[in-house]
């Protein structure tokens, strides 16, 4: 482990970018490519947005926790809410599935495209934890 | 209270900028002037550096906690380490006092110049907590 | 976040900033109000100054696409920055929404009814 | 973080980035190694591309000032961005370290022995 942080904030829309910026600042310490950094920002944005919108039904009263851990050549990101939880995780992760007719259902698909692995631990009433990992391309 | 966060990270030199970036991202939500943002970054930099260098003697094994709370027209920032602590706080806060001959002893002076108030709670062996507040100039 | 201009029956919207949960609502309202208020059929989204877009932002784009398509209008885009292109591409939106290099080309193609993806 | 060049007995150091605890050590080493290795008397710090400096970074600047002064040399600065100027000003460093507008002016003044704050 090279470095890490734990960031806690209320489930407010403006904190999607706060989380993106902080994770990107940590990831930058590994000198990633711009594309790698964009991928990480995209994945964090989706996971945190889900916590706010689905976990807490867009109420600002919830708390989201983002942890990120930097290894020599990889980053692991944990996004956790203590919200509603997901009954059927495989179904939720299907492309274009959304429980909200206003949304696209592409959040998990984007996370999977941007990161090397995405794992979801969730149960109704017990909140959701998304664990994502990205390996950086070797360079220098 | 408009918004807030709590950020925890190891006492590593690279996290001085991580803390600056995250506090600046929160403060930006109030649409501050560039000068106000520079002041806030400067104050956070000094307080976090002190936690690393003085609190934990530059060991990366400690944990620093930065909390920031946004009000309608002000930000409050808390920087806390569970490190060595300060025996004589008024003395430590004197301009150009440093316990380290290599350092300038200007950290607390800068925090006081940059922010509207700086308060230090500390005791030997019980760590240090710096509480800073800055009011934003009214505008729009 | 949004500058609006009309050129005949084309509404040109220049967007600025990062398009996510925070900004999506405001953008959706701004665009829908303009589409309600002006007698326009087509919409050009100039995304040159949009540095980030996630699926929530993409939802606003697709929503406007559907609204216009329902009334026989078209949505076209220009100025895609890499992270924005990535998301439009991954989602398949670039297969239904035409992309142009300049505003002039976009407006002319829409006027001639030649804008297709 | 550091580009070095010598002009006669003047060392010109162009700094880049944010000058804090993370970068101070590397910068101190880089400057001291150059001052050891070249037969220079004076140092120009070009801070145009330094966007941030805190008291730890300032310590590196003042440390080099003292080292040079001990050997009859001078330190001058140029390209101060507002947050950097702020810190040099607050600390009183600008009362002892002369500031120039261009590298040419700085080097000429040092060569003529006319650089004073």
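We call the chains A, B, C and D, going by the order they appear; numbering starts again at 1 in every chain.
Here is the rule we go by: a residue touches a chain if its C-beta (ideal position, glycine included) is under 8 Å from a C-beta of that chain, and two chains touch if they have at least 3 such contacts.
Quick caveat: nothing in here was measured; it's all calculated off a predicted structure.
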Request  = Quick one: superpose subunit A on subunit B by CA and send over the rotation angle as a multiple of 5°.
outcome  = 180
Relative to subunit A, chain with the most remote C-alpha centre = D
Ask   = In angstrom, rounded to a whole number, how far apart do the mean CA points of subunit B and subunit C lie?
value = 43
Remark   = So, in whole Å, the Cα centroid of subunit A is separated from that of subunit C by 27
Task = Mark out which residues of subunit A touch at least two other chains, giving numbers and ranges.
result = 14, 17
Remark   = For subunit C, residue numbers touching 2 or more other chains are none
Remark   = A full list of chain pairs that touch reads A-B, A-C, B-D
Remark   = The answer for subunit B against subunit A in the complex is residues 3-10, 12, 14-15, 17-18, 21-22, 25-26, 29
Remark   = Contacts from subunit C onto subunit A in the complex sit at residues 18, 20-22, 25, 52, 54-56, 58-59, 62, 82-83, 86-87, 90-91
Message = Applying the document's contact rule, which stretches of subunit A touch subunit C when the two form their complex?
response = 13-14, 16-17, 20, 34-35, 38, 41-42, 45-46, 49, 52-53, 102-104, 106-107, 109-110, 113
